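Multiple structures follow.
The two complexes that follow have chain A in common; it is paired with chain B in the first and with chain C in the second.
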Partner chain A sequence: MNELWFDIMGAIVTVIVAFVVGITYMGLSRKITARVQNRKGPPFYQNFIDALKLASKTSAIHHGFMQHVGPAFMMITSIMSVLIIPVLRGNAWFVNLNFHGDLIFILYIMVFGPLGMALGAGQTGNPNSAIGVTRGLSQMVGFEIPWVMALVALMMQYHTTSIVDLMNVQIQSGMWLMFSSPFAFIAAVMAMLGMFRYSPFDIVGAPQELASGPMSENGGKYLFTLMSSGSIFAFAKLTLYVDLFMGGAGNLVELVIKTFALYLIPMLYGVTSPRYRTEQSIRWFWGWPTFFGFLAIIYAVVF
Partner chain B sequence: MINDKNSQKIVDFISNWARKHSIWVLGYGTGCGAIEIPPTMTSRYDAERLGIRGAATPRQADVLLITGYLTTKTLKRVIRVYEQMQDPKYVVGFGSCTINGGMYYDSYNTINVLDKYLPVDVYINGCMPRPEAVLSGFGKLQQLIGEGKANGATKYKENLEWYRANQKKVIPNWVMPEYNW
Partner chain C sequence: MNYIILVVFLGGALLTFFAGKINNVLQDILFLASILVPASLFFAYVHAGNIFNLTLGGIHLSLGINAMSWLFALIVLGLGSMAAFYSVSFMKGKERRGYFYFNFILTIMAMTGILMSRDLVSFFIFWEIMTWSSYLMTVYNGKDVQTVGIKYFVFSAIGAYAMLMAIVVIHSINGSFMIEDLVRSFPEMPVNMQILIPVLLLTGFGVKAAIMPLHVWAPGAYSNAPMAYTSIFSGALSKMGIYGMVIVMVSLLSYVPEGYWFREVIAWMGGITAVIGTLWAIKQDDAKKLLAYSSIAQLGYIIVGIGIGTPLAMMAGLFLAVVHALFKGTLFLAVGAIERQTGTSNFREVTGLIRKMPWTFVASLISIISLAGIPPMGGFVGKWMLYESLLTSNHYLLVIVIFFSSTAAFLYCYKFLFGFFLGQEEKEWANVKEAPVLMVVPMLILSFFSFLLGTYPGIILKPIDAGMQYLGYGITQNHLWQTSVIFNTWGNQVVLQPLLYSIIAIFLFFLIFLTIKSFKQTRYVTTKDISSSGEVPKEHENLTFSVDFMQPFMRAVEPVMRRQIDKYYTGLANGLEALFDFMRKIYTGNGQTYAIYVIVFVVILLLFKDILF
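This part shows the complex of A and B:
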């Protein structure tokens, strides 16, 4: 009984840490974008204020059942993935739900939320939402291919589908997977650019073009749910990358440093790039990233 | 305890503080004043440092910024946009045209006083107001929100018949969905 309470508390702490870290990263990205554009920029805690304001707004919008459930799907996906991914190496607090085979489960759960959101956005009847959804799903077809190839290469090379096992491999060999299977890392990082949806791959939200896309009918508390689930999901993805390719983290400070270093890649690439069109984006993902995915699989088979 | 008067006061204080420092603006830029918004938002004056940023849709916005004159045709769209926004919401009248008609005071198809049709919280006068004036107007709005005095939306709900009568007077073909908040 005591252990159960311990697990539940650990899960709650994980979600809170993910929320705080993720939303701080988003605030920092706004600040860094502003500095790149030679502005002063909002304070790094601006997103906390935005979240608080959105939570305190009323939401009198009704388009149907799925419209209310769509943001909840996103939230469920984010919390599920952050609980499945091991946050720290061998820490009693962050054991959560990871099991053998969680890498395959992660592949499935990561597309579950966007699909639920797509149903919800479809029911609002807003044309911007519908265009945003089709774009988002097309782009997902684009970046999932190199991403799955990278993961399959790792699974083949080390004969495991467990994230914890992959972390143990890195500890035993004393070498991060980003060096011992570099092509998988390159393919995965290129896929990450699409996952984070910063420009040039911000074709889903597409400010000034689609009016924030799938979430254009969501205001107030719905937008708060989407925003917090987005930040939790960002943390989950970054932690997954750190676990897989950078040997995991021994404590939270190390985790924050490593995840932020990774987060800078899509963010700085986004600040300096204009937006792709949908077909350009998909062509990009099916070009070099898929090539590196193939190389990773060949590397895994040969070595 | 939750419905206690003092705890409500604390909640109001915190949420007003958040609302004041995070203003998402829906710029209704059909008037000429819209040209002053880009310099306000970009590097020179950088409104984002005060928490002011653009919102994509009426559902997400807090402030409806009416930049300049409104013809009777656009007024209909503005009313519809305003009624889609979520509470608490504010209207900022921008430029002389929203105050008394400005240089279009005797035009046959523009409205003169915006306050008769929508509850304006803050006016920014000038033709055109410079970005400094715009920021000062938003500063005034922030002050009102912090004090809990920016209650145009409540006024609109309470005096809906009066506003509707005024609106229907200038819009002859009134085909609009009925909203009930």
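This part shows the complex of A and C:
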């Protein structure tokens, strides 16, 4: 029984860490974007204030049952992925469900939430939401291809589908996978640009066209849930990249440094880019990123 | 016992057909009885090993069951019983009920017969009964008989003749029709026969399994048959092709050196089928067509699994076959329910049914999640095993192809749910009611099983394991399955139970957090009461989004969609038609013309008699 309580406490700690780190990154990204555009920008803790404000609000209307369920679906994805992806190496508090799922499972649990949230967005009847969803799903087909190719290359090369095993490979050989499988890393990072939905791939929310797309009918607690789920999910994805390509992290400071370095890539790429159309975005991912994915697979097979 | 079941089916079919002349209720009861009684007899009394022999006109016929065919019989009779309950309600008030019931029972009988056949002659006879009864169902509506019916018929005929040729060839070599003899003698056959026989048989089975390029009949036939029947058509009947393929791929081809190439080619054909089916499914505006193309794609996955043929891949293929029967059966039934309640199955016409048909929505939602392969549903387990088997057997490009197809499948999954249930609620559909209980309950039962298999796949993996051991897979012990843990050959695992519990815990926590207060505080408003750039839309404004739903994606893949195998077939058919037109100029059907031919022939004969003789 004690073990169960320990597991549950560990899970709660993990989720809180993920929430705090993820939401700080979002605040920082607002600040950095503003500085690049020569504005002053909000303080980095602005997103905490926003989240607190949203959480304390009450909603007045709803459009039906799925609208309640959608954000809960989204939360399943975020929390499940942060529980399954190893946060720290060999720390008893962060073990969670690490050994219960593998990479294929992660790939599939990661789409559960967006699809569930899409259902919630669909019931509101707002055409902008549905358009945002179709764009998001289409773009997902785009960036999943190079991303899966990178993962397949890793899995083929090291004969495992487990994230923990891939981390151990890096510790044993003393070399990060981003150096020993460079093409896979390039393909995965290019896919990451689409995963984080900064410009030029922000076609889902598309502030000036779709009025924040799938989220447009959500306010108060719903928006808070979606927002916190987004930040937890961002942290989970960054941690997955760190685990796979940068040897994981021994303590939280190391993890924060590594994840933030990775987070800067889509953010800074986005600051200077205009927005693609959906089909341009899809074809972009099927161009160079897929080429690097092929190289990664060839590299994994030949060497 | 084996033949009694078939006799009960046949007798039931006839009785049901004629009972319609007396009383409709009697007919319904007889229909249910003639599906359920043989089904329960089957599961109670038929075991592997009891064999019934019959000699008919010098040909030795033999009926029996083995562990492999028992698995498929589970699909056929399980889905068949559910669809039978549904049909009773579905056919209420429709015309030609006797015709429908008769062919329904006959199809189930033929499929059971195929699974029981131990010799090729009875196999072929039942195969033809199945083809004929399904053809009659395809033209049940009397719509598009020229295009859809003929297409299905021509392809079935091609398949049947290929199979018949194979059977004749086998008999001329072996002198026996028994499948066992074929399996025994196949490795010693000459090489050209080792290639010819599988090619012919796979053509026959490939037509029913809708493998590319033999799939063009499927969208039309699936969408034209009544939905209560299509759930069997897609869920069970197509699995007969898979069953045949399993026999050919495993029992015959794994013992000869050419088998490797057959496997690779078939697996790649399956992969391409999956991609084509998915892309075309996204394009469809009619739910029936969408599901039909989706069936083609899903059968592609199954064929990939069977084609690869490692123990894990085989298990994945067979597990997907079972799960596909569950979720696709449910989805076709759901479309049938919607069509019955609203009169149409087109996404452009129907929207916003979620509040009117909640239970149909729940069943469709679970099945769609299962179809998309998302945990914790049964589809995920099948997909997981398929990926792992492709990875561990070094099919790194095929795994990308499959992944592309199954990611793109999310698009049509969402389209299906959004098109029918979500979006703007329109006045036109304000008075739609939920389907009758007898239609909803079978859907819910089937979708419950696809949920159950996602956490406890061991329930169905045990019979699959037994079937595979019958086929000669000795080494399934690598994946010695506990009820809810799945392994691959590299030793990686997914433990399903804690994952399910976590998912449920998180879901409930946030549902309570979001809803308990919200349900009290918030009030329901219509889908017209939304924020649209700060303006409140007027009552007459049309905000429904259903035309060109996936347009951006279709634009991105447009070059692929330009090529259609159907066009080549149409070109071939037009060419043949021109040839036949030319023949008709000679064979005019006019007696006088023929008389002239005869006279001309005699004159030529007389003129040249010195040279010729």
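Descriptive notes on the structure:
Quick note on the criterion: the second predicted complex is superposed on the first by the 301 of 303 C-alpha atoms of A that agree within 3 Å, B and C clash if a C-alpha of one lies under 4 Å from a C-alpha of the other, contacts with A are read in each partner's own complex, and residues count from 1 in each chain.
One rule holds for everything that comes next: contacts are C-beta pairs under 8 Å (C-beta built on N, C-alpha and C of every residue); 3 or more make two chains touch, one makes a residue touch a chain.
Note that the structure is predicted; figures quoted are calculated from it, not measured.
Residue contacts after overlaying the shared chain place A:Leu52 against chain B, while chain C stays out of touching range. Measured by the number of chain A residues touched, the leading partner among chain B and chain C is C.
Using the contact criterion defined above for the overlaid structures, shared-chain residue A:Glu217 touches chain B and also reaches chain C. Of the two partner chains, both chain B and chain C are touched by A:Ile61. In the superposed pair of complexes, A:Pro127 makes contact with chain C only, with no contact to chain B.
Applying the stated contact rule after C-alpha superposition, one finds that A:Pro42 touches chain B and leaves chain C untouched. Look at A:Gly101: by the touch rule set out above, it reaches chain C but stays clear of chain B.
Overlap of the chain B and chain C interfaces on chain A: residues 58-61, 128, 211, 216-217. Listing the residues of chain A that touch chain C in their complex gives 11, 58-66, 68-69, 71-73, 75-76, 79-80, 83, 97, 99-102, 104-105, 108-109, 111-112, 115, 118-119, 122-128, 130-131, 133-135, 137-138, 140-142, 144-145, 148-149, 152-153, 155-156, 159-162, 165, 211, 216-217, 221-222, 225, 277-279, 282-283, 286, 293, 297, 300-301.
Interface residues of chain C, counted against chain A in their complex, comprise 352, 354-355, 358, 365, 369, 372-375, 380, 383-384, 387-388, 391, 394, 396-397, 399-400, 403-404, 407-408, 410-411, 413-414, 417-418, 422-425, 488, 490, 492-495, 498-499, 502-503, 506-507, 510-511, 513-515, 517-519, 521-533, 543-545, 549-553, 555-556. Per the touch definition, chain A reaches chain B in the complex via residues 30, 34, 37-43, 46, 49-50, 52-53, 56-61, 128, 207, 211-212, 215-220, 223. The touching residues of chain B, counted against chain A in their complex, run 14-15, 18-19, 21-22, 42-43, 46, 48-51, 53, 56-62, 85-88, 181.
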